[in-house]
Amino acid sequence: MKRVQDFRVKHYRRLNSDNYILTLSSDSDVEIVKPGNFAEIKIPDTPDVFLRRPISILDVDHNANTISFYIKAVGKGTRKLGTLAINSVVNIVYPLGNSFTINKQKNVLLVGGGSGIAPFILLANKLKNENTAITFLIGARSKGDVFLTDEFSKYGNVLITTEDGSFGEKGLVTQHSVFTDSFNFDHIYTCGPDPMMKAVAKIANKKYINCEASLENMMACGIGACLCCVTPTIAGNKCVCTEGPVFNTKELKW
Amino acid sequence: MKRVQDFRVKHYRRLNSDNYILTLSSDSDVEIVKPGNFAEIKIPDTPDVFLRRPISILDVDHNANTISFYIKAVGKGTRKLGTLAINSVVNIVYPLGNSFTINKQKNVLLVGGGSGIAPFILLANKLKNENTAITFLIGARSKGDVFLTDEFSKYGNVLITTEDGSFGEKGLVTQHSVFTDSFNFDHIYTCGPDPMMKAVAKIANKKYINCEASLENMMACGIGACLCCVTPTIAGNKCVCTEGPVFNTKELKW
Amino acid sequence: MVNLEVNIAGIILKNPVTTASGTFGFGEEFADFIDISKLGAIFVKGITLHNREGNDYPRMAETASGMLNAVGLQNKGIDYFINTIYPSIKNLGTEIIPNINGSVVEEYIEVAEKLNDVDGINALELNISCPNVKEGGMAFGVNCPAAIAVTSAVREVFHKPIIVKLSPNVTDITEIAKVVEGAGADAVSLVNTFLGMAIDANTKKPILSTVTGGLSGPAIKPIALRMVWQVYNAVKIPVVGIGGIMNATDAIEFMLAGATAIQVGTANFIDPQVSVKIIEGIEDYCQKNGISNASDLVGGLIL
Amino acid sequence: MVNLEVNIAGIILKNPVTTASGTFGFGEEFADFIDISKLGAIFVKGITLHNREGNDYPRMAETASGMLNAVGLQNKGIDYFINTIYPSIKNLGTEIIPNINGSVVEEYIEVAEKLNDVDGINALELNISCPNVKEGGMAFGVNCPAAIAVTSAVREVFHKPIIVKLSPNVTDITEIAKVVEGAGADAVSLVNTFLGMAIDANTKKPILSTVTGGLSGPAIKPIALRMVWQVYNAVKIPVVGIGGIMNATDAIEFMLAGATAIQVGTANFIDPQVSVKIIEGIEDYCQKNGISNASDLVGGLIL
């Protein structure tokens, strides 16, 4: 069930100047969360931020009553979220949105870039329970922009591309050799910048592989009430916040 | 000269749940301030406060580069000002407004109520240099609302009235016996709620004593640019922020 | 005990707090967060005769204390509403008031006719003020002859109360209010959104796909409040107040200005529980001020 | 080096950043905070023929991301301006543009005539949009015949450029802009404040002595920006953009929408140094984006 809940800032893990993991804790229990779900976070004490901000749920700990987010500071809200005092109150509406399909796949590829890697921890965790073999393919501009690889490597093989070649293969994710080598994935999950996801979807399509993308449209409500966050699909405009954020790329008018 | 300056929160002195003294410090020098001057304080990180808030300057320390304010939390802005983290930045525009007349008076009465007592420290300090005898008359609802009397007693005699009689004489300031006893003040300064100041002015008028009142009209700019803060005077509407806050009560259309 | 009931054109709402069209979906979206049956009414998402896909993404831009939207009346059409949506929301325990739209008068008529015999629908809101559609929409709400034409046409076919939703994008809103009153409106609701615009200085492009969109949220409250007060003083029919209401104090201000009921819009996005908090806040205020009927607040402004 | 100069009806401003009438006094009030000579121009406080005491206190109410004012054109009259104020501000090193007002056309004419021969005054702003006076004021700005009458009357007597300041409280601002262009305006400035209202729920009274007042600040920016864009596309004369500009990005958005220059209003109260910061910010933006003339931004919106 969706709920509105006050948490407190428990911990920041700084990844670099712009990227951080925010862990919030609560006195009461944390709702069950599925991979791909997100939260609408109220940014406290920020005069020029009016609406909540949608952020994927990175992880939850039902014993410690914590929920965490991987955030890339790109603007007013995400910057402020990175500078709160420990113990300050953060109100979130969650869990929102649909989730990735988990369907006894044998061998899957998770392709992410930027803050798009956030849902992959919960997803990998679920997939592991299903004994699915997981390969991560993470794209970044440069070595300093590659995060969470340690966490990912607990679940599977981690491949990297960087645009400047400073880490992993040089180039864009879609240029990675995994796509040219003997390629036997039965499902691709992708989350990151639109152009990246579109390119991945194209490859998946060519190879007749199911591909799911998690979109990051701008949202006002996050709960299907305003119809602001739509994406065009073959069945008409769909709300990314409730009918997504995860879509089978075949549905999307890309 | 007026300036815009960033300070940092140095210290809070909590007087009770609603009243506090806020001390700010700066790396650079603090401007010369006259008794009666005020500052327009930008309330940080408060979405529902748009305009600055005018607050009298309680004291400055040119050695420590500090400025302090006595604040009564009555609403959004004054409440927030009482809850800032030590070292957080507070931007102020100051010193603003005119100041009390100091003119070799022999024996003066300072009548204050509520946050209106704030300008009296700087005023008493100046008067003392002129060898003026000072009597403070402070009105409050109850004993718990009487503040700064220790500071005042360094400069002169401190008389108190409380509405419930829990401290000093019972009643309103204007009912204090000082007004009925042999009364030989040559100047009254008053600052506090309008009805109090009006009653004090009436007495002063009857006794042919000069009386100056410091008004607390609502302000938008604090620097004479908007003409929002006017009070009617015998010479037409005058700006409380630049032609006041201190007015000879004979000027006012009270 | 405070009696919170208010009467809009003969319909008794259990309290003055309703939710604004387009900001509360069809109500069910909020069922996890609040007890929907506590609401005075739900004005559901704007409905047109046929399915509409609405405008292209992006449809939203954040502004200072507000937002622009350019949804463009995306909906599946009146038949889908009546046959598929309404049956699942009719038992939410509150008044369901459809918000109807059209590009031409005939469309409004057809939609209204279809709603006539829907059991449990006791009123409709006639939207003559949507700024986000190319044809019709706001055009009906900013000019007297058009406002009269659509109101009287719907009046003829619809047998229950009609609440006409007015546009704030006019020189004199009382003029429009008076003519729709004359044309048979049982109540007016105001305001809809203000036509606004947002630009991304980096890309030099408009943020909304439609260039302009409708401004809502607390930014518009002072203007909306003024309009409600003006209209309250100009017409005899009840006024439903809308525009930037974020809390009970805002709602009470609108009631003092003359609103018999209020709609909570954009605030639902910031806090999905706000509508119920506003009901509680109004009750509190009445209790503290010795007001036994919330309806006594209406027009209670002391000049 | 970026060339920041812009040309408003033949007057070259050193940069597009000016200050809005009624929010910057007569300029001197800000001399402690900024180097006034850096400004493109100062639109000084509204002037009338005779001394005006303005409205009663309270004249101000804070709102979400904005404020209401009901100053009501307090000023000491045109003669006092010309004889006493102007001599002390004429050498501030920037264009001084008087903002003139009247209850009847004849008053506007007399004020304009008196300004005709004042050396150094190169233009005037004709305010037909003040919402805070009982007579005249906004009434001239919300109706075409009145707008034409006052503009053409002043046009006849005033021999230098006239910038007509438009009211946003209209159904179609392009209509008014077009008729004042036709009546001889050399430029238009927009917007003035929106008519709004604030109520104190505790006292049940209006906050302003005048009940209604003019809304300004970032709250109105999206509407003002839309109007500037509409007017830019409707007239050939230059547009001066006003409304909620708080920083250089806002100013650039107005320029992209079609403003040749902009006025900073309420923002001066929040930060008395903001006008100069905006000049610097525009220069920065131009530098970063390889724009050598700030005037190239004007109307640069990419659709």
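A, B, C and D label the chains in the order they appear, each numbered from 1.
The definition used in the following text is that contacts are C-beta pairs under 8 Å (C-beta built on N, C-alpha and C of every residue); 3 or more make two chains touch, one makes a residue touch a chain.
Quick caveat: nothing in here was measured; it's all calculated off a predicted structure.
K.L.:
Applying the touch definition from the top, give me the chains sitting in contact with each of subunit A and subunit B.
P.N.:
The shared contacts of subunit A and subunit B amount to nothing, since no chain touches both.
K.L.:
Any chains in contact with both subunit C and subunit D?
P.N.:
Joint contacts: the list comes back empty.
K.L.:
Provide the C-alpha centroid distance between subunit B and subunit C, rounded to the nearest whole angstrom.
P.N.:
Computed value for the inter-centroid distance: 47 Å.
K.L.:
On a C-alpha centroid basis, what's the spacing between subunit B and subunit D, in Å?
P.N.:
So the centre of subunit B lies 36 Å away from the centre of subunit D.
K.L.:
Specify, in ascending order, the residues of subunit C that touch 2 or more different other chains.
P.N.:
Residues 63-66, 217.
K.L.:
What residues in subunit A touch two or more of the other chains?
P.N.:
Expected reply: 47.
K.L.:
Is the way these chains touch best called a line, a ring, a star, complete, or other?
P.N.:
Drawn as a graph, the chains make one closed cycle, so a ring.
K.L.:
Going by the touch definition at the top, which pairs of chains touch each other?
P.N.:
In this structure, the chains touch in these pairs: A-B, A-C, B-D, C-D.
K.L.:
Spell out the part of subunit C that touches subunit D in their complex, as residue ranges.
P.N.:
Going by the criterion above, the answer is residues 61, 63-66, 68, 142-143, 169-172, 194-199, 201, 203-206, 211-212, 215, 217-223, 225-226, 229, 244, 246, 249, 252-253, 256-257, 285, 300-303.
K.L.:
Residue numbers of subunit B touching subunit D in their complex, please.
P.N.:
It comes out as residues 1-4, 42, 48-52, 93, 217-232, 236-237, 242.
K.L.:
Tell me, which parts of subunit B touch subunit A in their complex?
P.N.:
Subunit B reaches subunit A through residues 45-47, 85.
K.L.:
Could you pull out which subunit C residues touch subunit A in their complex?
P.N.:
Against subunit A, the touching part of subunit C is residues 22-25, 29-30, 32-33, 45, 51, 53-54, 56-60, 62-67, 69, 71, 74, 217, 266, 268-273.
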